[in-house]
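Please see the structure below; I have some questions.
As written, the chain order gives the labels A, B, C, D and E, with residue 1 at the start of each chain.
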Amino acid sequence: MADIAASSGVIGRTPSRTAERHEARTAWLLCLPAIVLVFLFILLPVAAVIALGFSDFELGYAGFKFVGFENYAELLTDRTFQRSLWNTMVYTAIVTPVSIFMALGLAMLIETEGIGRSFFRTAYFLPVASLLVAMATVWQYLFHPTIGPVNAMLSQIGIQGPNWLGASSTVLYGLSIIGIWQSVGFNLVLFLAGLTAIPRELYAAAEVDGARSGWDRFRLVTWPMLGPTTLFVTTISIINSVKVFETVKTLTEGGPNKASEVLLFTIYQEGFVYLRVGYASAMTVVFLAILVVLMFLQYRIQDRQVHYT
Amino acid sequence: ETTLTVHYPMPGFFKDVMDTISKKFMEENPDIKIQFANPSATYEEGIQTIMRQVGTPEMPDLTFIGLNRLRMANERDIPVDMGPLIAKDKSMAEQGFSDTILKLAQVNGKQVGLAFATSNPIMYYNADLVKAAGGNPDNPPKSWDEVIELGAKIKALGNSVDSIDFRWQGDDWMFSALLFGAGGKMLSEDESSVAFNGLEGQKAMTIIDRMVKEAGMPVFTKAAGEQAFVAGKVGFAFQTTGALRNTIKNVGGKFDLRTAEIPLIDPVKGKLPTGGNAVVILTHDAAKRDAAWKFAKFAAGPYGASVVVPGTGYVPNNELAAKSPEYLGDFYKQNPLFQAGLKQMPRMIPWYAFPGANGVRVTQTIVDNTSRVVDQSATPHEALDDAADEVKRLLPRS
Amino acid sequence: MSALSLRGIHKSFGGNPILKGVSLDAEPGEFIALVGPSGCGKSTLLRILAGLETADGGEIKIANRDISTLKAAERNIAMVFQSYALYPHLTAAQNIAVPLVMRRLTRAERLPVIGSLIPGQRKTVADIKRDVRSMAASLKIDHLLDRKPGQMSGGQRQRVALGRAMVRQPAVFLMDEPLSNLDANLRVHARGEIVELHRRAGVPTLYVTHDQAEALSMADRVAVMIGGALLQLSPPRVIYDDPQHIEVAKFIGQPRINLLPSQIEADSTVAVGGVRSALSNRTLSTGAAVTLGIRPEFVRIARGGDGGLKARIERVEFLGSEIIVYSRLDAIGETMIAKVSPVEGTGLAAGMPIRLHVAGEHILVFGADGARQPVMPQTTSVARETAHG
Amino acid sequence: MSALSLRGIHKSFGGNPILKGVSLDAEPGEFIALVGPSGCGKSTLLRILAGLETADGGEIKIANRDISTLKAAERNIAMVFQSYALYPHLTAAQNIAVPLVMRRLTRAERLPVIGSLIPGQRKTVADIKRDVRSMAASLKIDHLLDRKPGQMSGGQRQRVALGRAMVRQPAVFLMDEPLSNLDANLRVHARGEIVELHRRAGVPTLYVTHDQAEALSMADRVAVMIGGALLQLSPPRVIYDDPQHIEVAKFIGQPRINLLPSQIEADSTVAVGGVRSALSNRTLSTGAAVTLGIRPEFVRIARGGDGGLKARIERVEFLGSEIIVYSRLDAIGETMIAKVSPVEGTGLAAGMPIRLHVAGEHILVFGADGARQPVMPQTTSVARETAHG
Amino acid sequence: MSANTLLLARIVRLSILSLGALVFLAPYIFMVSTAGKAQSDIFTSSLSLVPQQWFHVQNFTKALSRVSMGNLLFNGVIVCLLILVIQVIIAVPCAYAMAKLKFRAARAMMVLVMLGLLVPIHATALPLYVAFDKVGGLNSYFALVAPFTISVFGIFLFLQFFRSIPDDLIHAARLDGMTEVGIIARVIVPNAWPAITAFAIFSVVAHWNDLYWPLIVISNQAYATPPLGLLYFRAAEAGDDYGALMAATLIITFPLVAAFLLAQKRFVEGITMTGLKG
């Protein structure tokens, strides 16, 4: 009986400290290679970009000088930059939600349907694997105002197809359609992988609990359990949409009359076509700053809601 | 033995040409070896690559730069001055390098390269549509008025046929074709003030405006215009003769493709801009420079031209090549479509490049404002004035 | 008419037959305990009934209606899963509320914000909350209602799972070891709640358990399933006192029944420890091998004296209110288990020589095929013999 | 020297204190059963011991060595998780083999193809296979070795989890309800295997269970934990017969102990049903409220006659080898539980009036604070009284 | 009744999926059709997918002979494999530590990862180019691979998946004597196959098709990757050599499709967490 002590405890050295230190050290070691590489290939170059943002460096000239906030001051009045901010926002606002919900819907349809799963997965994934260099030509043709199949199809049902990539009123939508086409497969694969992590037993429970329709099961099990995946997909989709570049570069060159100027294209144009690397760098910094704030807000809000353990 | 690394843009166009030329060159100069660096897709990307590589071991010994980018390259001191090399070389004229031709690749009097492939804007037309619209394909329009009138008739044929594809996108080249054709200039002689919004410019821009208003020219992207034309859905296309070979291939037998000289607003004083590129020497190594000069002359010389012209549609940059039956004389007889560009050669003047750091941006400004006319969101007058205002800002203040 | 009827249910997993034609009928409001060794197919049977697994063959009827083609959600069955299957993203309260929400609210009423604008929705929601709270109180988890499953102990999770099933009024209750992670007191309490609920609801209940006390005390009838077949389905007393198969006798009863090999002697009698019983039918010929079963509570220990079976104590196990004595028979080396009260057991220790006396009227006789052989009542005679069976 | 020693372990979750200073010492080779109500912190204690959770305060020693700072992998502890925690991607055999592979093979030998080229590796692997097979055989899962957890029943999974812990030779065994999903026979069998293994290994074992038979029969000592504190740690008999706290008495014993409110009478005695006991120390004053505890097996039922407590049967529960009778005392309305043999119980039915007699020498007295009050031996006197307590 | 609704639901589902697939495949259909057409047959006013003359042989011959396709594909495979293997080796442990170990820098790491996700290669290409030039690393597999050895995308993706792996599984592994690295290799990776396969697909596709970075660091054709080969079919004036371009694109895309077909089973064949209870 002597060994019973309902004593209120010998709180000596806290063992937890040491254990926590152990764990922290292991964690550090595991992260170290990644940290080093992030430093080398992301942080340092970004630092260089920030530094260049304060300079008047131009491609082809050897020297440059620091000009303080001149580039940033110029940015404030740069209408092209403002235009491209707006266009990027519109593009992102269209492509992100549509591609996420389409991918989710397709993922669920494919998984419930027994027939042709591999085929459908591949079909929807193919756009991700496409080489834009060649695909640009194809889209150009598909969206052709007069000889293009899309408008031919529309005219079959009596609609006068728009001048998709040629008119400033529709060019962003045309690009958005291509953007959706490209990213649905990407999101689809992520959702398919996410679906596998949901324990089957929960669906059994949902059925027994009276979740009759697929929709009920979706609301009760799939959607909440996919939370982490959705968070991930949303984050990545936003980032990818904001980083739209290749389609604009190959299909519209920002035109007509800047109707499809987007941020990365503007930056590219400034840096590599107009060769003003310093100014382009300042733009990049602003671009990053906006994104960082945006992403953190989005991530923090959503992250709270999706992790259960 | 010397090895030269050569870089060139648009391999889809130039790969075969380059391969043929370098093979022949190495046969004639066994002590020089030519190797190619990874080519660039466009002139734009080509010059970017070179500018990045300046000063690194990756920099090639020779490259081919778009004629409108020579000025910019020169401002950055990238090309080797060919002046001394030409001076040493006594027989430039005999080799077919006339002064006019040398001028195409000069910046402020400095010889920064040798024009390699040169082009001028011509008129392509669909003879079938012209006929259907009541025109005579054998007697194509000579003036813009005729073009616009016939274009309107073609448009009226319906069946989603369009009248005209005027290639205003991409750069200011086609605008300058109208402007120079009216005898106008981009800037004043001393390059201190804007001149393209003068009378000639107004006339030029009004032509574009009329194409839209009177002949219903749609807003095409560059590729869309090309595709519609080769599909037989456009009556007239105005663009570089350099695209001829590809256009012929794309049209095949679908319709009767013809070419003609481009109308000039002022048929007397009218000039035309020269497109294309020039071979530029980059290496500062003395031994290599001689070899490079040999190659540059060879490529830009009559043999080079005789390879380039049939394969592309460019006009000969070398008088010898153009005239001598040894090179291209017979070719033109057998290929009448290629004659339009040839006939316009006397009118060719350098493609104007704007001075200063913002040279390239100026071009974009002109394109953007042209597009406002095409989509009818601005009158020619407004567009030109806005462009002029902005260009004024962008020019170096002296 | 039976409230629930299974006919010839078959099921294999990858070629292995798991259920080999299970048939079972439950009266309205009957409570059936399903017991059987681990892996015998109990959970599989429940899952088939619930519609979560499809049988390879057989027929399922609820209230005489064939439900084999109905989907799980349409069968109106409540089930406690062996693995709990709680929704990890919902709190205990929300978990318990799910079946009510699914049934009492229309699809529109379930919509996040809009739902609450529909007249009557608030009232229903409040009712659901109240029902959940009282359910939780009866399972003693009302203080946990706001926790998510990840923050609960094993037993707490199990109670939430139980609550989720019990909160509604289904056509059939299925419970798969719903109390296995609870302590004895809580288990007794929960047992009471389940019985009470069952009485009120009056629907057939199939209850899988490994706890025989549970099975015997709660059930109207006990179904013993072994190797994918139902061997016996009888009221608890019958299952225990009158098992029809040696496997049932072996499975039911804790500590387990003593089995002694024996032979039919002349006149169709069997003898053990000086006690002789006569079989009531003469199907087995003299000399046929049989097995005699004697429950531990019918084995009495004498520390000396005559008669009975000579044995030596191997191990004495203390179980609080009783003592289990394991001893080895001198004659045939088999182990015999006796269950005695702490008072009787005082002083017994391993190694002690003892004599075991069996109560003759409680001997069960099983033929070589395992089937029970009836014994003529009142025929047991006690013969003075030397102590060996 | 103690083989395992916990000192003042504290732990809170989000401000809720769960463990409130738990201290415990185990002798080398001692088997301690840890019991307590659901949610009292048993699993948490094991997890802290294993190094999976960090205590807020306190000290843990194994063989006098402070291991608080060691990582879980370095503590050499084997544990059966309440949730099994099987590797879903490995077969049963591979699951069981993991701890052996990790300990017996060098890092190089574990490499996929290259490993098998290292001399000696084949032999070790073969040894591991053999050990796994014999472990599996002893848990009767040898036919499942190639299945993955998803293809096994609950009880089968649990046995794999048990096998994984038992296959190796750790410094301490921790088992968290390792047999909860097994049927009675299998449980008895597994119990035997665990005890056997424990005897061979001779390392301290902490065994959480809700099955009191398990706790009482297997353990050298039983630790009763209630509300985050260890109330008593004693050998099974002591825990059962001599609980030091009313909570312990209430928690241990199935069916649960009868508790009757009472008062200290003159001369420091208490009386119930005509039986009187004298307290051995006089700390409680006359008139102080106490609670009397009488185990159900010490309550005898008389169908008539004099004396004892008058009561009426409420419910009779059949448990196979015994019968539990719930009756309500006429005088004070409390429920009394009696446990009788099937023979004694024959004929008892709800509604019957009876008299309950308690064995005076087995009455436990608890003060108002719950602490046990010793009773003087041999002082119990039976007075003829009218039948009320 | 339910049999009928089931059938109907099925028909609706299949129609939606098929229609969608058709839309998504439309560009490919056009591409395949173009690869079999003569140049003059491509842009016509009729919308015929069937070539007037079968030009497959010519186009594919051109695609294979105009560039050294074998060399391009080989470089592509080497580069993609190197990138993938290193990315996984670097990202998995890091994500594991961030998801399952407690350390104070985890939050800062998260910031780094997010930042990394946001930074486009277009922005940092120039400083990186200068750095590679300084260390003389241009024109090598090293230059093609190095900047992508760190995949913040991978870290982020794995992080999400690892979080849903139950803690008890990791605890069991620790008690079984695994080191943290052992846990990663033996518990995390096998249970995260869907995520790793998905990542592998993305990584390979992205780097197989990447044109931007190779164009910057590779001027020596010996190290050219497949998309660089496509340049040879591009002409800025009057369109590309469409037939050959499409043929070459198909040749280059084919390995990706094959790889995807092989891999897709893996990321859906989930390992359900049935080793656990609760």
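We adopt the following convention: a contact is a pair of C-beta atoms (placed from the backbone, for glycine too) under 8 Å apart; a residue touches a chain by one contact, two chains touch by 3 or more.
If you're wondering where the values come from, they're calculated on a predicted model, not measured in any experiment.
Common neighbours of chain B and chain E under the contact definition above: A. Set side by side, the interfaces A-E and A-B show unequal numbers of C-beta pairs in contact, with more at A-E. Chain B and chain C have Cα centroids separated by 93 Å. For the pair chain A and chain B, the distance between C-alpha centroids works out to 40 Å.
One inter-chain figure worth recording: chain D and chain E are separated by 56 Å, centre to centre, where each centre is the mean of the chain's CA atoms. Residues of chain D in contact with two or more other chains: 51, 71, 82-83, 154.
Multi-chain contact residues of chain B (touching two or more other chains): 52, 223, 227-228, 231, 233. Within chain E, residues 43-45, 126, 166, 234, 239-240, 271-274, 276-278 each touch two or more of the remaining chains. For chain E in complex with chain D, the touching residues are 166, 168-169, 171-179, 182, 186-187, 190-191, 271-278. The residues of chain B lying in touch with chain A in their complex are 44, 48, 51-52, 54-55, 72-73, 76, 78, 160, 162, 169-170, 218-221, 223-224, 227-228, 231, 233, 357-358, 360-361, 364, 367-369, 371-372, 374-375, 377. Listed in rising order, the residues of chain C touching chain A in the complex are 47, 50-52, 71-74, 76-79, 81, 83, 85-90, 98-99, 102-103, 107, 110, 148, 150, 164. The touching residues of chain A, counted against chain B in their complex, run 58-62, 137, 140-141, 144-147, 163, 165-168, 251-253, 255-258, 269, 272-276.
Only residues 13, 35-39, 42-44, 82-83, 151-156, 158-159, 176-177, 180-188, 210-213, 216-217, 236-237, 240, 250-256, 295-297, 317-322, 324, 339, 341-342 of chain C touch chain D when the two sit together in their complex.
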